[in-house]
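Following are the structures in question.
Two complexes are shown next, each including chain A; its partner changes from chain B in the first to chain C in the second.
And now, the complex of A and B:
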């Protein structure tokens, strides 16, 4: 479990970016952290692997205070994939990039080869194994960064804006992949403001605004709350707005994804006939 | 009248074995709002780079065919001259802003054109006002939110008074509300000043309502080109175009037997049609 208690954090200049975050993320949970630009989302997740240490309060990973462990040791359990892949990629080839951390963690050559090949395949990157990451498109580099973290099989996978620059098919694939991780009982935490993506994966949603948690609950409840979303500079999924515009016809108001909406609307049409 | 004319455009980056864009022929009329989209790696960014001469003057490789932008071939004109005609806004505003104040950043372009002081000043005022950041003029770009930074980047480009504005995924780092606001600003440039817009965008749910035309690329080629409601079809979806959820829902419902006179792009359009089908 990742737990934060009265977590405050301030950068050397400026006020508190995080203002007393109390949060528990249990094992095998699937969580989306959402909120406006500058809400403190990235600052918060950097506490999960110890890159940031609280100015006040406490963060524990599996009951151990992150102040008592090195980032390198926490990283083995908590894999963080940065928003900008260029902050993380540096090797000559995609394959090298993915193998790098495995080598650092001391795996044998055979395991490194097996895991690298398998993760590249899963993320549709095999054809680029020998390419330089820097010749790839932004969306592809993003997947390389993800592959390099997933390769060492951390217990907690933390993704900062995983859908940026990804097209719809890749998002679809990413969603299936994340849901697969969740079904393997991994804890997946993603920072995102992609409401449509969240509407389709339906995780627990934690809404952050100006350094504080303003809501915490299931996606279908939080993503149908216009006032709340507006406060965090988010927009309702299109489907949810549609259902709300037809509210007076007795349509269910916590529908956020296309397929559920389709069923509801067909039901309503049938009732009329 | 066309402001962009691409003829058999093919480009292969140095060190790459296959072309990133191949045999593209298309033109864009003055005042059009064009959304360019397609799966990641389809070549849309390369197309943008051709429009202001970054290809072939900055990125090395083999260019075949040509693009005529505002009457000049990008092969002949250096990027510095094309920049007067074609403004370019990048995905990440941090890559584009460098001064210690927003005002200085916006003034940089006109100053480099050697414009007289008062004209520079007028252009800066105008560019800040159009994007709604006059009050942020003295702030350092790095202190601003992503949305404000992107407005500053757009202002800096606007101050050059380009005829064509090319924006390469300008909203991808922004939260949904800031993204919607940036697209409104871009729409304003098109509507108020008749500026030609080429917008590369994945967020079609937000951008489609402003587009006169959507060009969809796949594997370096244009595969669909038309009004948004016409091109958001099964084929587009299968190659990975994120057609607006509302349009997708309407397509599913149409298969189920409901009728839509045209495919809706916005919630309001869909809502009106559905209300008629559901109301007692």
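And now, the complex of A and C:
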């Protein structure tokens, strides 16, 4: 369980970025952290593996204070994938890149080989195993970064803006992959602006605004609350807008995905007939 | 590695006599310090050069940031001391070289803390440096804070992948920086290509002769600074050539343990 208690954080220059975050993320939970630019989302997740230590309050991972462990030791449990892959790719081949973290954690050669091959296959990167990561497209580099973290099979997977730069097909694959992780009882935490993506995944949503939690609940409830989303510079999913504009037909207002919307509309059509 | 180190070289907008000084006069002052620092290898003289910079730091109201840049230079300063000492020079000479290094960072730190990149560009232009060169220079200065933030992110990203910078022997520790340096360099190159394209899209260099909205004008204090700097350099040169300075003598030096090295007789300062 990742738990924050009255978490305050300020960078050396400027005021508090996080102002008293109280949060509990249980094991095998699936959570999306959303909020406007500069709300403190990335700052918050950097606390989960100890990159940032709270200026006030406390953060615990599996009941151990992050102040008492090194980043490298927390990272074994909490895998954090950064937003921009260019901040971490440096090896000559994609394979080496994925193996880098496994080497840091001291796995033996055979395990490294096995895990590298398997994760590259899962993320559709096998054909690039021997290519230089710098020659890949933005979306592919992003997947390499993801692979390099998932390779060591961390208990908590934290993703910063995973959908940026991915085309629709890749986003769909990413969603399936994330759901697969969730079904393997991993804790997945993602930071994103992509309401449509969240609407399709339906995780627990935590809304952050100006360093404070403004809402916490199921995606269905939060993503259909226009006033709340407005406050965080987010727009409700298109399906939700459609349902809202068809309010007169007596459609339920907490629908955010196509499948449920279809069922509701069919029912409404039947009623009208 | 931390962003804090770069704070000591970053411009902060303040209104102090030093900030308002004409950038050309200030540049001359910095060059003056530079020359004098390299002129002497005498312990007392170098210490004096370092100490006379302190009032300037106070006038510029930048003591905290100046201290940060000094702190940032500690590692290199220690390295300089150790390298000098183990290669057979005396304790005092090694110490003098360390102080020389600190005096150098200090003078450049004062210059960059109090001169905005814009002023710097104007100064270069008024010295008839081609505009493209001025622009390249000011852009480089401007990008330092951005690079510093980038560096911090890269360190964070690699730490998240289990990289431990402070682990292993000296060689391993140096190698640990490869995963930090490569993404930084690659990003810098990418960024510069993008910047060049953006500049060209906005018609950079379409006119031969540019005019500037703000023109630099020397005031009394600026002329005074120039005179004082020139006098300072002249006096220092005279002293260095003709007046024997007192020397600090602590006869400690490393025993000659490196058999493959020939030990030249270093100046015994």
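One rule holds for everything that comes next: the second predicted complex is superposed on the first by the 273 of 273 C-alpha atoms of A that agree within 3 Å, B and C clash if a C-alpha of one lies under 4 Å from a C-alpha of the other, contacts with A are read in each partner's own complex, and residues count from 1 in each chain.
As a working rule, a contact is a pair of C-beta atoms (placed from the backbone, for glycine too) under 8 Å apart; a residue touches a chain by one contact, two chains touch by 3 or more.
Since we're looking at a predicted model, the values are computed, not measured.
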Partner chain(s) touched by A:135 [first = chain B, second = chain C, both, neither]: first
First, second, both or neither for A:268, with chain B first and chain C second: first
Which of chain B and chain C A:254 touches, first, second, both or neither: neither
First (chain B), second (chain C), both or neither touched by A:82: second
First, second, both or neither for A:193, with chain B first and chain C second: first
Which of chain B and chain C A:212 touches, first, second, both or neither: neither
First, second, both or neither for A:90, with chain B first and chain C second: second
Of chain B and chain C, the chain that contacts the larger number of chain A residues: B
Partner chain in contact with A:101 - chain B first, chain C second, else both or neither: second
First, second, both or neither for A:16, with chain B first and chain C second: neither
Chain A positions touched by chain B in one structure and by chain C in the second: 84
Partner chain B, residues of chain A touching it in the complex: 35-38, 84, 135-140, 164-171, 193, 195-196, 199, 230, 232-235, 237-239, 241-242, 245-246, 249, 251, 258, 261-262, 265-266, 268-269, 272
Chain A partner contacts - residues on chain B that touch it in the complex: 13, 15-16, 38-41, 45, 91-92, 145-147, 169, 172-178, 180, 202, 205, 237, 239-246, 248-249, 252-253, 256, 258, 267-268, 270-271, 274-275, 277-280
Touching residues on chain C, where the partner in the complex is chain A: 3-4, 150, 153-154, 156-164, 178-179, 182-183, 186-187, 190
Partner chain C, residues of chain A touching it in the complex: 12, 46, 49, 51, 70-72, 75-76, 79-80, 82, 84, 86-90, 100-101, 104-105, 134, 148-149, 152
